[in-house]
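This is the structure, below, for whatever I ask next.
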């Protein structure tokens, strides 16, 4: 069973609204290599696990638990990027009179403004809905680990490209944190394959990102987040039987299972009467 | 952030393999009105919530937390129904010599035997992958609550029909438990609308199921599970501001927020060398 | 605007339940070449029509109007095939005690028994939902007419193959009627291309079906339904400027616009309390 | 069977081309809560109806009939918004010489310019094709009515948000009319639930829209369109057994079944030789 | 079996990057009437062919072989249009400092910049993934030929509309070549139907394009490419039994099977270190 | 450009019709890890390749070329399995009189009998159409190679499970050949990663299949097909710079680029007049 404490796994750094950034960040939430995919893939691989080598199941499940918090982090980041994005176009503000969204949606996902009240959706950067066929449990541990290494590598790769699409700080802080965490998870699955006999040489990290290029990543690397796995279990876990010792990455360091990080408050989104959200004002009056 | 204790929210009652039952039970996991939908719908509605009436957000989030455990319960149930289903057709056992799956897949979802090693998938009873377009957050609390009432009502409705498709006890025990819990969640959302002024009369429960027809439900009703909401929060929650007082159901009783139920062990699935699951035997030899 | 009289365009001939036939007949309702496709394709082509040659628009729209009635006919046929299909497996009847649907769903679409109360769905014979990408309006009249000829030809072709899948009379009577009507619509679009200069030679009908093979078709051919277009307009239409003269089919005859056929009563489906349909009994008690 | 008179259910008010508005208005045509969904959902619920309480079936079918006309209205509105949108960029007009569509498609759905000759498509605002899985017939009347109330409420909600995306008068006139009609249909389904015992209190309309904000709505409200149901039947109907008496909306008034509204001419779309529409000029020369 | 020589079937004409053009050109690659569809449709029709009239199978297969080269041509064209598109927005270049893609993606498909390193994808102009349900093999030769005529006609039609969306020379050269080749293939399938008795009159080409409007087409028409079929077989083929004699097009000329055209070099795409493509530099250092 | 010689890459071994086997074998053609996926994935990775390390591009392209022949092999195998499957149920043969397909479709994909005339389709074992979103070109060579290793490993894994579903020899011969070839391709991509520094230890082959279990594989292994790469280039290729030396598999041996294998005749499928295939008999009479 699953328990919750209302804390985000990282900070939502404030900046201006940026609906174009919100649109592309959806890839990180609902894309083929986004957090919903990792969450559900590791969930199915955990529940469907066969055999007694449960140290691997505990590793996969441990990462699954963190991914739920990642989904929540990206949802909140998108909400922050959208919040207030439609306000700049009121009469007299230079936009079309009385059409407060006509500028906002120009480079936005229109569903952000139609489906909900300017908030996150289970879709990718192109607006395609998340699809269960992207979840792979091959039922074979090696195939699963190879898939997971590829998934986490591609996760970093895509985030470094998305990072280039806006310099908004809300956007980049979340991406920076997730790049480092994807790196840790890449290390986890690469290490698991190492326990099965693979020597990765200098292959990882994939891609070979230059930390100076992504300043938001640096503080998390300094905190050792690229070599740590947070433990969200309320009962014992065998995860440290795999996630320990020398990192498989050429960046070096030692892998360690650590307690969950300090939490951050969930931002409270303001009411948006124009969009009828939440729309219960008069009823309670 | 999300925490976990390795316990199932209900028992996996042993019975014979039943791949046809596993196929139709997928609707309850990955169908339009299945547990993955409820889990993700309430997740998005929680994260995207606007305004200060957070008692409603806490209600929705509280049910989301339970739905994660429901997903895990159905995954384990499907695994149990599939486990061993391909063994009856070995040479000499009356099936086609050397084709141990040819009988098993006759009324089964073939992907259960191809994609993974006879285990659950994020698809519905027809094999269609779960789709993000089934997740609704309208951004308006009343619309969301109406949608959620309809979702939980349809959840019960479909489960009562699926129940008729096999008398396998593994299958029916899980369905019985979930029917009662869907009923509790139907009560929760109906109650929330009651706080906004609706008087439901005799409308609920939908459908008007006869408890004698579903004996597996009775013990859970006797335990009051249809009027209880489990609290999976490790910090305070306002859920009881809504989920309290007289049930909106004509079945009567008082709504109460209670601690999580006693957990049950997660069954350990045996290795399945024929399907290369987990397939690391020789490597570790 | 659209008006309705509660009459089916053809009879629902009674026969035994046949859920396997219902499953494959879904292709004729919600398949790529089914009645929902023809209905929506001709609807979009009519509304999007450009220019003054409105005799072609009126032809397309005239067929669209009939296709709405075809959709209703197939929905009712599927309902008749499903109705009562779950009753044969009660305790003592030779099936699994207390699991009245376990036999019924063996070769059936399980969604027929889960989504609704044993009734039609907007899906194809494989259970794939109807998809808007199957609707073609090319915005060019010749391309549209070629597409429509191909659509109606394939409609007949597929129905002659589906016909071979059961000898149920409810199933075959509807197929027989629709084969003849698809033939008339094939003639309509082929004739329209003839007015633009094409001489089809002996090409049509496609496929070259032998009427003796499909006895259900014969009475409709004898009534001239293969060369007639029903007129559902309450105002003038230019359809007869195209649909007139010698048929383009080698079967011969003269095309004629005629009044709608005699209607047939819509069967009243019985309540199905076990499936909670309609499920309002107690409320009205 | 279905009959037709070539009249639109509301006026197409002329204004300038606005392809960005056409793109987002597609949600109202082919989106999850658009007119194609309502049309097909009520069609399936009507045809699949079980039991003798046919006053509810007649209500659902009556609204289905109107929805066909709504689909046609939105198709024509989108066509009007697209018509002429590619002409402003001829050589010398400030655009790229010889690329008459390069400006037009900047905030447009490119398929509007590729698939057809600048005309409507069965897709949503994000370009996703309409999907049959959005059509719900639960086979249980209460579940269906709850779903329909939610569908019509969300229909209004989304239209009020889309309304903010352009002040084009072609766009807003159609939205204004449809908002009022969705309100009438919301009243219809809410009233049906009222006959089954629900007292809605002050809940409706959802959302609680301020008529002064949407001036296009006012004249339709003054005409009583929010409390009227048009009758498109050519034979008797029991619809008035449900749709009568006090409205369930806190806006007050009495529900009444009335004859269809005065019709409006269908605009004739000009030929577009550049896009080969209809493309038969030379053949007829 | 299939053999390859590294030569493109037409030139990649250099011009500036144009990501908006790359986005819409995807329709020609991965759209419903794009080259992937023609390639796969003719592949399935060839492999599934029944009977001894193999001159038709050889015709279909012959065009399939060319379509593989068309897919490769469009992939390379899109790559050329994307290449360098993100470079213009470096610090000091007028864009947002340090966000080199923020301008590039404004009218682009964001997946071009996320999924790969600015290169082609199997999607259409709206970003929808290519779908196997667009491949038609009806199993009936006439139905297949009608479908193929319609497919090739629509191919030309859509390309003439896409052509209007940019005057980029990389974009238009490829479109011009493909328009002429689609015309040849239209002639091929129309001719095949002619051998079965159809007289097309003045119907083709569809659409009736004016060669002076598309100057890029002229040189290919002068080379006779609209009436030629390239022969990619290394063994005998019966294709010339069908593809010979007078063209079915009113443009006149004689059909002829000819050797493959002169090939063109495949452009070598530069490394893109910023996007980690290919990303093996350091490993090889 | 692509050239063709009408020879299959392996034999179609005759056996009885087996529509249930044809259904599941579709996974190998149109499934997520089937031959259409490998073909298109390697095609896109080849065309989109960046940089001068073209030995890797030539490796990927070389395998792409073989995959086209694999697609053709599986299409022909499915056709052989379906051919004649509907004949056993004629009047007097024990089936329903006059419904020759009613038995055949019981465990079959109904679309095999509706869409075409009992022939292959671009769908998977569950009937889901092939989808372009399954094609991955990450634009980063390491990510691509990891994905390709995983793809080929899963290809073998799934084929060994499908193999258990029937002992039909047509079915198993094709599977046996493809298992060995997937193994060769797994070796190719694993070797490519080896050149970038990875030491795989004892990890491959994945899964660790026992050749005695799959007798059909043995002769191909004896021929060295698991360590060979066929060369389908008509011009020079750098493939042997990667595919050479010691295999990365613990099964041992030396990798070698070799000429294409001896070809086999493409079976000629008989006419099927009942299904109107090809349906041109009378026209040619």
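Chains: A, B, C, D, E and F, in written order; residue numbering restarts at 1 for each.
By our rule, a contact is a pair of C-beta atoms (placed from the backbone, for glycine too) under 8 Å apart; a residue touches a chain by one contact, two chains touch by 3 or more.
Everything quoted here is computed from the prediction, not taken from an experiment.
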When the contacting C-beta pairs are counted for A-B and for A-E, which pair yields the higher total? A-B
Could you grab the centroid distance between subunit B and subunit F? Build each centroid from C-alpha atoms only and quote it in angstrom. 38
In whole angstrom, how far does the Cα centroid of subunit E sit from the Cα centroid of subunit F? 25
Could you tell me which residues belong to subunit A and also touch two or more other chains? 115, 123, 127-129, 131, 133, 138-140, 142-143, 157, 196-197, 202-203, 206-207, 275-276, 279, 283
Contacting chain pairs, sorted by label, are A-B, A-D, A-E, A-F, B-C, B-D, B-F, C-D, C-E, C-F, D-E, E-F
Give every residue of subunit C touching subunit E within the complex, in rising order. 32, 128, 131, 133-134, 138-140, 142-143, 146-147, 149-150, 153-154, 157, 193, 196-203, 206-207
If you look only at subunit B, which of its residues touch subunit F in the complex? 86, 96-102, 105-106, 109-111, 113-115, 117, 123, 127-129, 274-276, 279, 282-283
Under the stated contact criterion, what part of subunit D meets subunit C in this complex? 1-9, 30, 36, 40, 43-44, 47-54, 56, 61, 65, 68-69, 71-72, 75-76, 79, 115-123, 129-133, 135-143, 196-197, 232-235, 260, 263, 268-272, 275-280, 283-284
Would you tell me which residues of subunit D are touching subunit A in their complex? 20, 23-24, 27, 31, 107, 124-128, 157-158, 160-162, 164-167, 202-203, 206-209
